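What follows is a pair of complexes built around subunit A, which joins subunit B in one and subunit C in the other.
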Partner chain A sequence: MIERKLLFTGATGAGKTTAIAAISETKMVRTDVPNSDPTVSKALTTVGLDYGEITLDNGEKFRLFGTPGQQRFAFTWPILSRGAIGLIILIDNSAADPLADIVTYARGFQPLIESAACVVGVGRLETHVRPSLDDHSRTLASVGLLCPIIPVDVRQKADVLLLIDILLTQLENKR
Partner chain B sequence: MIVHPNIRSAAQQSVETLFSAVAGTMSVVASTADGFAIASRTTDPAQTNRIAAMSSSIAAIGAVAGAETLLGQLKCVTVEFDTGILVVMEVPDIRNPLVLTLVLDQRGLLGNALFHCKQTVKQLADSLAALPRFGA
Partner chain C sequence: MEFLTFITCNVSPRDDLLLRSMIRLLNGQSKRHWRPTDHGHADLCFQGAANPNDTSESALAVVAKHRVSLVSGTPGANEIALPLHVGNVLTTLNRVADALAASALNADAPQRAPTPAARAQVEFALVRWPDWSLLQQDSQFLRLATVLASRSADKQGLADRSGVSLECCQRFLTALAKEGLVRAALSEAEPPAPEVGGSPIVKLVAENAESAQASLWSRLRRRLGIGQPTPEARAA
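== the complex of A and B ==
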């Protein structure tokens, strides 16, 4: 049995499903369905959960879960949080209000963040430089959270692995 | 939400039919696959949107379980509780698949509910298929 569980969250379109697909070594479990919200410019959206698995270079195995991003599925968040040892929050910097997003997920996952490790990956920074990583940092601090924030392109396997690497470093320091 | 009025009215008709056909029904909700309510009849309207979102999750997880176990297309998920039953069914359609949810209190009988749900799903699927195709 693979004991360790990591959870990906963040707003719709931030790339939770894409991130897990980029690194999963097993066929992903997907619950994406046609999107009917015209304010979301994406064909499919996750309504249940994402699931994948990965073995790191050191042989450690992880189960990877992703949440749905849209707020009406917030009831899945505590369910999917159970047993997770780390949380990866993904932010789409081209979204209408990325700083509000970071607050939503920091607050929404507060119990998990307090008991586990957390890292934030901000996407599309090349095309959307504002808010900056510093702005994100300050916003997180304003809700009482301190965790690493890095730029990512979740389509790139190396970027997603880096997020996990940082998360595991956080965990070691917590011990 | 992009749902044609004709789809809404077909869904509302089915919802009304099902609501009055099954004793003990508390709510019937028809929703898009991604969890937006498009038609409902309920004793507690505050619940409608929450039921729609939860049912789309239940249907999607049920569907993926069917795929993983090679059991084919999802037809129905039933969830039984101390004082009632939740029935979630997929309404197949090429363009606008829907999810139909029935909430029953303790007076509801599962066999009866399933029989009427299946009929309603078939009816609704037929009327969706008969609608002219909108847009692209």
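== the complex of A and C ==
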């Protein structure tokens, strides 16, 4: 059975909550709490899942999930992947090691990426130009994956829509 | 890098231009590097029939180790079909490169028969995702890269699936080739779709799942107001 859901993943602060909120029609189920991790300068962080919904023209609900960002929740990734139409990986280019992040999520979701589709959005490029998008592309290729990689600011709804557009284009063109 | 040379004789100006630009594009994917030459000695001569009465001048002066004729019917050995197709040009270049290598090894060896691969179609595959600066050279390049990332294609296939013009696909492939981001992959002519299970019921279920997926994608597009599905998805 095909499920009607899409996954967003990425490290803490990459913008998963922001991206889902940009397109969800239901008020986000807020699970953000004050952040207690001193290494991340961020007031709120999501505990558990982000969840949003949009209603299709036949009345069906399409669900948007943000995976828990912290790697200690990696055990949930295969469960969440089941039946998803695809994956959007968000990278915060101002993080300590963005290239390590892209490898973490590309490897962690490899089965979904290979069986469905994936697109990578890299944020905060305006202030952090390195690593470049080409560096990200080479890194993905080095783990044997090829996904579209584009610059984004997920506070802009148009950028979130572009990510979904690219994901759908891939699905439509797969064998 | 050591390269091989080619020349054209009696080829119409249009096909001459096409051959040159295709070969330039294919350098990097072809087994050997090819360069045009304008003086009488070449490894390969593309022989046209644009001016059949041209018996005296440069045409006859060309000394080439291999000749390939441009023909408008079904091509035989040492012939290539018109209109020129980039895939056929690549196959020809590689076949001649192989033959030259073989004859260098054994001067008396007979010309090799075309391998089954010569009948396969040449498709282009993305090596990795192109840099953003390349994708910004044209408003269609992001779409073309996305389509090519999901599945390799020849130029015509890329144009069909993306709905983007052949000229633009050509510019895109050339830009990729310059950066070493595309490689040629041989694909056998597409086999007929395998029978799903045997029973009509199994087939129907598979077809339904497929069309349910396609309709989910287009519902999402409509709901989010993002673009048109590709021509193929629309036909589904």
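Criterion: the second predicted complex is superposed on the first by the 164 of 175 C-alpha atoms of A that agree within 3 Å, B and C clash if a C-alpha of one lies under 4 Å from a C-alpha of the other, contacts with A are read in each partner's own complex, and residues count from 1 in each chain.
To be clear about the criterion, contacts are C-beta pairs under 8 Å (C-beta built on N, C-alpha and C of every residue); 3 or more make two chains touch, one makes a residue touch a chain.
Note that the structure is predicted; figures quoted are calculated from it, not measured.
Asker: Kindly classify A:Arg138 by the partners it touches after superposition: subunit B alone (first), subunit C alone (second), both, or neither?
Answerer: So A:Arg138 only meets subunit C here.
Asker: Does the superposition put A:Ile85 against subunit B (first), subunit C (second), both, or neither?
Answerer: second
Asker: Taking the superposition on A as described, I'd like to know which of subunit B and subunit C A:Ile164 touches: first, second, both or neither.
Answerer: It touches subunit C, and subunit B stays clear.
Asker: Comparing subunit C with subunit B, which touches more residues belonging to subunit A?
Answerer: The partner with more contacted residues on subunit A is C.
Asker: Touch check for A:Glu126: first (subunit B), second (subunit C), both, or neither?
Answerer: Neither partner.
Asker: Counting contacts the way the document defines them, which residues of subunit A are shared by the two interfaces, the one with subunit B and the one with subunit C?
Answerer: none
Asker: Quick check: in the complex, which residue numbers of subunit B touch subunit A?
Answerer: The touching residues are 1-3, 32-36, 49-50, 52-54, 56-57, 60-61, 63-64, 68, 97.
Asker: Give every residue of subunit A touching subunit B within the complex, in rising order.
Answerer: 29-38, 45, 47-49, 68, 70, 72-73, 75-76
Asker: Going by the contact rule set out above, which residues of subunit C touch subunit A in the complex?
Answerer: Contact set of subunit C toward subunit A: 126-132, 142-143, 145-147, 149-151, 161, 209, 212-214, 216-217, 219-227, 229-230, 232-233.
Asker: Considering the complex alone, what residue numbers of subunit A touch subunit C?
Answerer: That would be residues 2, 4, 23, 54-58, 60, 62, 85, 117, 132-134, 137-138, 140-141, 146-151, 161-162, 164-166, 168-175 of subunit A.
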